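Got a structure here, written out as structure tokens. Questions coming.
Chain lettering (A, B, C and D) follows the sequence in which the chains are written, and residue indices restart at 1 in each chain.
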């Protein structure tokens, strides 16, 4: 079932949603689009996607876990977990929505990460179809359909009109809650939009890029000589991992404030020299090894452990943000053995 | 220019002068060039590029590359040569293992500015005097270069190579740049405004360390921010204080050594104008201790390891600026 | 036990001041202030360092992080450094650091460098009195605090 | 696990009256790691010290905090006590709760709170204290004196008289230096040679002194107590141990027209020569730049006339390496080059001379045999103008490369010259142009006044603007500041009191010694007031004008002081080093040299070192090393080191950070 806003402006729609729950949506800033809480006057970004990915909603860069209070020789343990209130995220693109599925496989499988789960449960995700995909987009390489982005509610803007299709129970409930703003829409409009988007995607320069199935070639790929050459110019910074919607590694650290110790977790990056540093040793000493790990994980190990699902969603952020323009596309072309046919 | 460079590189490689060539490699798009070490003429032929998108400063890679035996050829733009000298003066680069070919630079373009202009499917960009010709799949555009250049190139400090073994193209001059204007603008603000300005900027920091890792002056074997024994190690800017700490200390550690190459701001995924912190130090050093340009020579000189008996007192800080 | 109620009441803001003093001049100057019973507020706590050049900008920032409201560094007068040149280096470093903190919008009054010789007990006390009143007027350090360290 | 003991001192009522010592002890007891905490009447008393010693043993303490008076007062007392109980003396910290707490705070609540914070800081620091052991390094009981002028000679004699061997390295063929060129000395007017040459002879004959003349220091390794010095012995072409100094060769040498440097080029010597009659060693030397035999193999007269066969045309420069425990720099001074002062017509007229040239013209052994004659025509001058401060006391950045400092000796020697001239030749009019007349020193002002008042020397305040040689007359144009009028004097001679500067060899020598210099190339002293004869670099001492302009009595005084310092050092068998020194973590060191540049003592050197990398490869890296015998522990290096490789024992980054934490808690 698809609905359409009943003759109202987007902002009225946002106001209504925000009157009930916190609503987050991409807005334009001087420094690119980013998710912000909607308040009166904020408008939806005109950009295709946000600088940082939407994973921040469920897996923030820094998450307090527990505090230890020191009083003389006594230690008191204080749980700092805060109650998570229901919220709505609007405007998530197909790639980021697909990334949630990747993260779910990590955080919601056995030994559920309760910090992640709480936030995930509290969120209603309204995706937005990509009317104008960019040349750095390659979600289709991983079977992601930017014309049907998924989430709890699938939204699309066709000639400035907002169409909403609930896909899950949460989505149905959301639509129900604002039913008075909606009217039923013609499915044909939706189908036509999908077709239009698909046609645009097919013309993108990276459209024909397809990852190779390397699940049987783990060792061969691992030992490839290409890694040394590929990683030569890698600076070892974490910008690719930190803008990546699927990177999920974290570190747990203690911060001594002088009167208490705050235990928190924060994003880690496999590009960093102290990643996987243990008491005695680090299994990966050099940048080529670390570089290899990142892409082996996304293109080989993750699919091996997750029914062929890749650890990349083709959002293209790393293509834009790598200081030296190293990225997964260049790696796929070398390692995957798949040529860009264009 | 690209052709001349390619021929020269191939010649020096084939006559054995150098064992490899450190240069830029083509990517999937016109703008995504990557620093690379080419060890054969075939690879050069296939991948070498020198375009208005070759902003990356190659000098830092020489730390690792000159540890290896034999000479490596490196192409350095004028501003890169300052970083090169600085690293040589700090004994980080083995000078005898490098063959520096200075290449002229007309300024590098900022792909994001080009995208802002609505240009898509860029195939190539080239200089035409003060203008840039952008060739796209949909046709050609002639644009004013000042609208498309990287910020650092708009206030270029020098077109002169301060170190080279060989020069290709025209040698330029040290320019009278306006690079301190923005620092001066901030200085003229009230402390509260400055505080809010920097909070706004630094709060976006994701602590990806790109600024540090790309910086030729940040070449420590182990950065204190990565060292668990330093007491300041951290992987995330978990608090506004830490954002300040990281950037102030980083700028302080490179103060007097920073050549103002501008790589930090170029690579920041969050577009934080980090170069302003470095420029503030440079401006202060110039004003308080006499004009100084790091990397101008290979001589080991820097303002923070020197002093004069009649240097200004720290109180000078309280007397300057607004509020 | 006699308790003076004029100080230490809760509603009066008492700043936390960290003073780094070089062993040879300023620390001795502080001792002399004590010997001569020259008062300055108890808010000032002194850390002894061999020379003002031992003070790393990190220490200054860390003090603010941990809740200090003002940081002062005292050393020998220029030309009188026990190690001949330490205070000259300290002078350049701190000038640049303070200028940077000012650039970041941190109140100028929270940081200071002062040269106090071993004979200047009175100057030490005067300096501390003045610094404490400056910092008290500025109030709590908010711009350079670490919220996690707040009690 | 830490086991810290805290001892809170009452200091009678000094502390206890404004600090609740019991409350401090109780608060300390609650701190992590503290196993014992007590207060006591007088911690520094024997009973107090015994309390510390006994508790260390009973409670098996790993660290001690004493809350008491300033550590400047009793840190050593308590260190000894801790050490006596078998604990490392550096595992002690003193919390200063008297001078910096009880004595300045009237309010007991304030005082107690602060005392608790200071105690916490001391506890936080002491748990991070490392046991430090003061290292020792052996002392080679020999000294090297560089420079054989009056400063070097006096230092060498004083050291040798104390029983230690001394080598004097002198770059010229003879010792004696500048003083040997002087005529009379102020203010007593006794002849320089009469007081200097006996000292030269004494040095030559002293069994503990070896004179290495015509030699230069070309390499210095090591540090205080054990220097290794490479000395270049320049080829003399005359066997030093064979030559009797008879001088026959110097009479027979056909090469007669070599400018004689001893007389500043005002007369000539031969290609083989003895610098002056009283030279030590009195041995001839061949000037290879002028000897025909050495230049083109034709001549050999000197070899023929030498009855002892001392001539050796094949001699080569040789090098010796010697060990020393201490090095004294006595490189002295030179008058500056005054080519830039063209207004005085120095290069235009032979009759414009420098004071040192005038000194030679007055000297009985000088080019004129002691008769004052004009260099141009050999006539007796009747009007002489002396110009003071030529090149001295100029403002910084003067285009003539003059000196900003006062050369100190010029006022006095000019008064001497003026007086001697008037005494010998009363028919001569003598004018002295000065900016200020500076005569501090015993008998100095009296001397100057005698010149002006009794000898009728015309002292004129003002500077000479121009000297114009015209028809054998020097027209001196000047301004009399007091009279406020322009003067023109037709002089026969003009004498320029040229500024003095350190010898040209001083700068490269300072580099070899890693001894610091000021911007004028004078060696800097370790402390301008308290350690005036020591260089900041341990084991390097300063004697004479290499440290700053000096007259003879001051030079001799400093020479003796330097010798006393050297003897004090050489008397020890080994040196105990300060254990609170810098050390570098080689794994973190980038090899950038910043620490080396800020070290005032030259304690940091760099070596290329092999490192086994985690992937088993070998990497050679340049890393810094601190010489603990030389480091004085200021910590300047720790802050310039961006990677934190450099740290200071006793005041480590971790310790200071812990103190900051504890104070701000």
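Just so we're on the same page, contacts are C-beta pairs under 8 Å (C-beta built on N, C-alpha and C of every residue); 3 or more make two chains touch, one makes a residue touch a chain.
As the structure is a prediction and not an experimental result, all values here were calculated from the model.
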Chain closest to the middle, measuring from C-alpha centroids that were averaged per chain: B
Euclidean distance of C-alpha centroids - chain A vs chain B, Å: 31
Interchain centroid distance [CA atoms averaged], chain A/chain D, Å: 68
Mean-CA-position distance for chain D and chain B (Å): 44
For chain C paired with chain D, centre-to-centre distance based on mean C-alpha positions, whole Å: 36
Touching two or more other chains - residue numbers and ranges from chain A: 255, 258-259
For chain B, residues that touch 2 or more chains besides their own: 222, 231, 238, 304-306
Junction residues of chain D, two or more chains touched: 598, 640, 653, 657, 661, 664-665
Arrangement of touching chains [line / ring / star / complete / other]: complete
Residue numbers on chain C that touch chain A, as the complex places them: 66-67, 146, 148-149, 151
Sites on chain A touched by chain B in the complex: 30-32, 51-52, 61-62, 134-136, 205-206, 229, 232-233, 235-239, 241-243, 251, 253, 255, 264, 266-269, 272-274, 319, 321, 323-327, 329-330, 340
Chain B partner contacts - residues on chain C that touch it in the complex: 57-58, 61-62, 64-65, 78-79, 85, 88-89, 91-109, 112-113, 143-148
Complex contacts: residues of chain D adjacent to chain B: 587-594, 597-598, 606, 619-622, 640, 642-645, 653-654, 657
Chain D to chain A touching residues, read off their complex: 30-32, 613-615, 661-662, 664-665
